[in-house]
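Here come two complexes built around chain A, the first alongside chain B, the second alongside chain C.
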Partner chain A sequence: MKSNEFDVIIIGGGITGAGTQRDCAMRGLRTLLVDRSDIATGATGRNHGLLHSGARYAVSDPESAQECIRENMILRRVAAHCIDESDGLFVTLPEDDLDYQKTFVQACRNAGIRADIIDPDLARRLEPSVNPDIIGAVRVPDCSVDPFRLCAANMLDAKLHGGQVRLHTEVTGILREGNTVKGIRTHNRNTGEDQEFYAPIVVNAGGVWGQELAQMAGIKVGMFPAKGSLLIFAHRVNNMVINRCRKPSNADILVPGDTVCIVGTTSSRIPLEECRNVAVTPDEVTLLITEGMKLAPRLASTRILRAYAGVRPLVSADDDPSGRNISRGIVCLDHETRDGVKGLITITGGKLTSYRLMAEMATDLVCKKLGVDKACETAVLPLPGSEEGSYEEVAKKIWENPTTAQKVAAARMGSRVSRIRSTDRRDEALICECEQVTMGEINAAIDRLEASTLTDLRRRTRVGMGTCQGEFCACRAAGLLAKAHGCIEKERADIDYFLQERWKGNFPIGWGDTLREAEYTQWVYKHVLGI
Partner chain B sequence: MRYDTVIVGGGLAGLTAGISLQKAGKSTAIVSTGQNALYFFSGCFDSIQEPTPEIKSLFSEAGIRVHYTPGVRLMPMGTFKESALALEDVSLFPTPQFGKKVLIINFMAYHDFFSSFLAQGLEKQGMECRIRFLNLGDLAQPELGPNQMRAVQIARKLDDVWEKVVQEVRVLLKDEDTVVLPQVFGLNDASIPERIRQGIPARVVFAGTLPPSVPGIRTQMLLKKRYEVLGGTYLLGDRVTGAHVYEDVVQNVVTKQLDRHYLEADHFILASGSFFSKGLSSNPFKIYEPLFELDMDYDPDRNTWYDPTFANHQPYLGFGVKTDAQLRPSRGGVPVKNLYVIGSILGETHPELGSGAGLAIRSALKAAQLITGQP
Partner chain C sequence: MQYQEYTQSENNFEECTKCTICTAYCPVMQVNPLYPGPKQAGPDGERLRLRDPNFFDEALKYCLNCKRCEVVCPSEVRVADIIQSARIKYESNPPKVRDYLLSHTDTMGKLARPFAPVVNFATRQPLTKATMDFTLGIDKHRTFPSYSPHGFEGWLKRRRKEQAAFPEQVAYYHGCYVNYNYPKLGKDLVKVLNAMGIGVQLLEDEKCCGIALISNQFIKAATKNAQFNVEQLSKAVEKGLKVITTSSTCTLTMQEEYPNLLGVDNSAVRDSLLMATRFIYEKLEQGATLPFRPDFHKRVAYHTPCHMQRLGWGVFSQRLLQRIPGIEFTPLEQSCCGISGTYGFKKENYASSQAIGEPLFEQIRSVNPDVVACDCETCKWQIEMSTGYKVENPISILAEAISDKE
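Up next is the complex of A and B:
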């Protein structure tokens, strides 16, 4: 078999694609994953980072709710280092109907989700940031999850099982012979190289861009792009996920994640052409703040770090303009039976929480078509990094007295943190002070996790995600990238892009400390560094 | 406590005003929170063309070594920028093609000096570059830890052992006509950069690092020392928390440390900086001057505050306190009689005074003149 031939090609480096590649690779298939930019750049990296218990869907979509709770319990085991088992509250405010709580709890229980009605006093003690005016509270097994870490761990495991990954590689055509898909034509956006890859099966995991990809093969898949905007706050205000106990609506979930917390979302339908360039509007910011404050009043005085938006890759089923009533169900399309085109599968819809199940469904179909009879093991075998206990235990096994940077590295990398153990103290140099990212961790991400740009590094290590938003670390990390890749010219352009990306999320919330930071960044980069 | 003038803010603007007033025989006090824009000063007084005799004596009397050589300077990422008046550390050249072969010196494990970007920028100008790393631990013990490799810590070490750096560079130097060094020399002794130049048989260029800026901190310390030698009272680590204004006249200001001992004066100068230094504040609905609630010159529509492209000029940087030609602000449209506003809190409302360091110095000198009545 030639180097450009595979058993299966997966298009899309989101969590669905990465999960599918891992599953296929674990079943012994030779896999290739391509993405036009980096892993987790679409909906995967632009959401709350909420590992649903399913409670949110219990009333409106029992099937999704059941999927969620099953997957939630599985991922706690197999993706332990990506998940914070925070639990969640569904709170009723004075303006909400307390009767809904009964319906909600019953629906949760029907779906197999543990839902305990607790005294509002207890809720206030469990989660001191919650609005003190709540009149009802239900405790559910919600968690928070780091989608970047989860996606990287899947990609890494696929590679450990022999999979190949080509990032920054755009699919420019689907190769067809008659009614059979033979492979893909690609363009590498880093090197400019055009290349064809062949496989009997191509999996379209392109998320909202799956429609364009299907079109290349002459197939119609109607996507329903729905934009959701969110705000990141600079502090971890809450330790439990806080939801409103009412029919799902705007800005009614507050999720803690690492050192921050995230409130969202809005929901509005947008045309497909706008999906690559979604922007948060001032009205959305106002709505998110006003509604967010109702969940946790402290948000009113907490610095906002960024505003960002993602596009949900839902498949259109009806004409509801909000997109919220559409089932978040998994859609796995066999284009052979659906459209008479052999060798192409589309896997879409679903949720971050159900990515593993989506991958399993797609892989089952791939295996059926290839005549491979091997059972799925992704529900049992842990992801790399999740094999050994808590990050504190992991860190203590490696370092006698772990530093803060070593502890947070262990939290980010799980048991794989042993890879950055070094006898050279210079590897301990902090590149990003806000998020405590060391040179060793950055070099590990460059070497092993396919990071080729600053934004790639940010997704893998949290470099530049902290309060300073990349003020100092961008240049330092760029120096390391330039050294690793030997391309200084490209790195200069990379810094410009990184700064623009940061600003894109800063100016919609540009006041208070954010504006102070922005002014400082302007001075440092324009006047001191001369960029 | 009563002074002739109380100055809010101890950065370049506040200190310049304080020195001028002390020289004119006035008694002054400066309230400073600590850090200011000099901590990330590039070393160039941009927007000052020919320095006036007054500006020249301000520097020379403080022991700040400057030179006036209109040209371009090498920026830390390898680009060039036009400048005219600069600290002695900063070399200014007629054109970016200032040499042929360049030796760039960096320190091992120092990530805040961008030798490879510098080399790339110089190579673009047709220069041939060689980068060599010195091990600071070999030069000065005890060794700095990996997270102490920041400009000021390194500079503290080098103040004692800079001659060893000169020796090392002399050994490394082959046929290069230029040596580029990071700006980490002479934190407590402004003469060191020039003495390094004399010790190395090639052109020596100091290029900037990530903040804090060593030449900037040195400048701040020299200005503060000069101010105190002249008898000024520098209240370091304090913050003005309130002010009493009666019949359009500022009566006194209140500070955090002095509690109920108000600072009274005939004149007050507001040199509290822009957003970063908290001279200006903002919320989703307005941009305001928090201490006196002075009238602002800006567009209240938040959508006009920013340009979505980071690299473009950002409108908010131009916003500032509205003043008359005598730098006097107003409150609710009524002029405040004995208050003068200087420095970056003016934003771009006085283009004739320049920007950055130029604005700080010019507006400070102007306020001092208005207060003393001397031309």
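Up next is the complex of A and C:
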């Protein structure tokens, strides 16, 4: 078999694609994953980072709720280092209907989700940032998850199982021979190289862009993109997820994620053409702050780090062009039976929480078509990094007296942190001071996790995600990339792009300390470094 | 935008723009590679500790709490407060016997004073020093300040009537050092103020300001002292008295650390606390006079203690000294002496402590003054031990420069 021939090609490096590649690779298939930019650039990296318990869907969509709680419990085991088992609260405010709580708790229990009504006083003690006016509280097993880390761990495991990954590689065409898909034509955006890859099965995991991909194969898949905007606050205000106990609505979830917390979302339908360039509007910012304050009043005086928007890849369940029949559930389309086109599968819809199940469904279908009979093991075998216990145990095993940076690295990388153990003290030098990312961790991401730009590094290591937003770390990390690639000119452009992208997130909330910080960054780069 | 006109967090760590000037000015950073520096230990670390308290770094104990980071911060972040609060909240190592001995200055003073000559003799013996070094971890190079057999409080109480006769009155918070170790400074203050027609009263009662308790993690005891002192200070303030002090660290502790670290409300007394040099300087500016001796001559170099710098009042001491006829005045460059209270007494900190102070010692040697002036008693011990030059509070120099009796 030639080097450009595979058993299965997966298009899309979001969590669905990465999860599908891992599953396929673990079942012994030769896999290739391609993405036009980086992993987790679409909806995967643009959400709350909430690992749903399912409680949010318990009333409206019991099937999704059951999926969520099952997957939630599985991921706590197999993706432990990506997950913060924070638990969540569903709080009732004076303006909310307390009767809804009963309906809600009953629905949760029916779906198999543990939901305990607790005294509002206990809720205030458990989560001191919560609105003190709450009149009811329910505790549920919500968690927060780092989608970038989760995605990178899936990709890494796929590679460890022989999978190939081509990032910054855009699909320019789907190769068809009659009614059979044969492979894909690609364009590498870094090198400019055009290349074809062949496989009997192509999996379309392009998220909201899956419609365009299907079109290349002459197939119609109706996406109904819905934009959601969120705000990132500069530090953790809450340690538990806080939800409103009412019918799901705007800006009613506050999730603690790593060093920050995130409030969201809004929801508005947008045309497909706008999906690549969504911006947060001033009205959305106002709405997010106003509603967010009702969850945790302290948000009113907490620095906002960024605003960002993502696009939910909602899809019509069948061929209904009106969009009335929109599903938030998992959609796995076998285009052979649906459209008479062999060798193409579309996996879409679903949620971050249910990505593993989506991957399993897609892989089951791939295996059936290829005649491979091997059971799915992704619910049992841990992801790389999640094999050992807590980060404290991991860090203690490696370092006698771990420093903050070492503990933080262990919390981020899990057991993989042993890879950055080094006798070279330079590896301990901090590149990103806000998030305490060391040179060793950056180099490990360049070597093992396919990071070729600063933005790629950010997704894998949190470099540039702290309060300084790249002010100090961008030039340092760029130096390491330049060294790895042997190219300085490209890194100059990379810094420019990275800082512009940081500013894009600062702009909608550009006031106060965030603005001062951005201004300072500009002095450093423009006036001191001359970039 | 109607929301978010300002951002504010507990200890305002979010106002940090990471400019790193605090790290550039941190005296510990220059000498101790184990210390992560004020920016990382302070605002950066705070975000991580909020994420997970286990991210607390034991190396925060190397912070001197000199507050130079706060002085240089252009964003007015209370960096040292963030670090000290984190130590209070997360530090897990229990204080040692040594830390108890060093920090309970009131108790130690009361115990030692009746036996002052014996204690002073004993603590100066090389054998005692070696033993304390070995068993307690108090560095053998250090000498404990001598205890005075007669306390300042008793001395002033005996002069209560005489002091009450002056038309204007102030209260004096003398602190442990003046009472137990060096009553002369208190007496000098009384002499100067009396010469200006001002009588000096004691507070009804006072306890140690508590700074040594705070830095050695005896937070309950420190809080108790703080509450007690604020109550005593309030009584004086209610009577319309200003409260004068002669130690920059006691003053900073009562003004800043009480509310910011211990959560003790001092708003009723905060603005009535004044360093004596500021009080006297302002009086002289308003037209008061002092009977300066015509024959006085001294070459004085002034060292601004870190906490005086944080108060922003070093300028008053300098200007006051410069007013004395016959003074040849040299201001020393801003630099920490390295002792930072009980910090430098600890064996593990001795080397850093001396390394931090070296640039200052070098300056003093090159200026070669008759006396070094400084508002802080621990700076005095450090400079005297490390350079051999005599160190006096500006008030004592002032007292020496005026005639004994008119």
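A few comments on the model shown:
The working rule: the second predicted complex is superposed on the first by the 520 of 531 C-alpha atoms of A that agree within 3 Å, B and C clash if a C-alpha of one lies under 4 Å from a C-alpha of the other, contacts with A are read in each partner's own complex, and residues count from 1 in each chain.
As a working rule, a residue touches a chain if its C-beta (ideal position, glycine included) is under 8 Å from a C-beta of that chain, and two chains touch if they have at least 3 such contacts.
Please read all numbers here as calculations on a predicted model, not as lab measurements.
By the touch criterion defined above, A:Q522 reaches chain B but does not reach chain C. Of the two partner chains placed by superposition, only chain C is touched by A:D258; chain B is not.
Contacts of A:L499 after superposition on the shared chain: chain B is touched, whereas chain C is not. Contact with chain C, but none with chain B, is seen for A:T404 once the two complexes are overlaid on the shared chain. Once the two complexes are overlaid on the shared chain, A:W511 sits against chain B and chain C alike.
In the superposed model, A:G479 makes contact with chain B only, not with chain C. In the superposition on chain A, contact of A:P282 is made with both chain B and chain C. Contact with chain C, but none with chain B, is seen for A:R236 once the two complexes are overlaid on the shared chain. Note: residues 282, 285-286, 289, 430, 472, 511-512, 516, 520 of chain A belong to the chain B contact set and to the chain C contact set alike, using the contact criterion stated above. Residue ranges of chain C in contact with chain A, taken from their complex: 1-9, 13-20, 36, 39-40, 44-48, 50-52, 54-59, 75. In the complex of the two chains, the chain A residues touching chain B come out as 282, 285-286, 289, 425-431, 439, 472, 475-476, 478-480, 482-483, 488-489, 491-492, 496, 499-500, 502-504, 507, 510-512, 515-516, 518-520, 522-524, 527-531.
Within the complex formed with chain A, the chain B residues making contact are 37, 40, 42, 46, 75-77, 79-81, 108-109, 111-112, 114, 116-117, 119-120, 145-147, 149, 208, 210-211, 213, 274-276, 278, 281-284, 302-303, 305-306, 308-311, 314, 316-317, 356.
Put simply, chain A touches chain C in their complex at residues 234-236, 258-259, 282, 285-286, 289-290, 293, 300-304, 392, 401, 403-404, 407-408, 411, 430, 433-434, 436, 466-468, 471-472, 509, 511-513, 516-517, 520.
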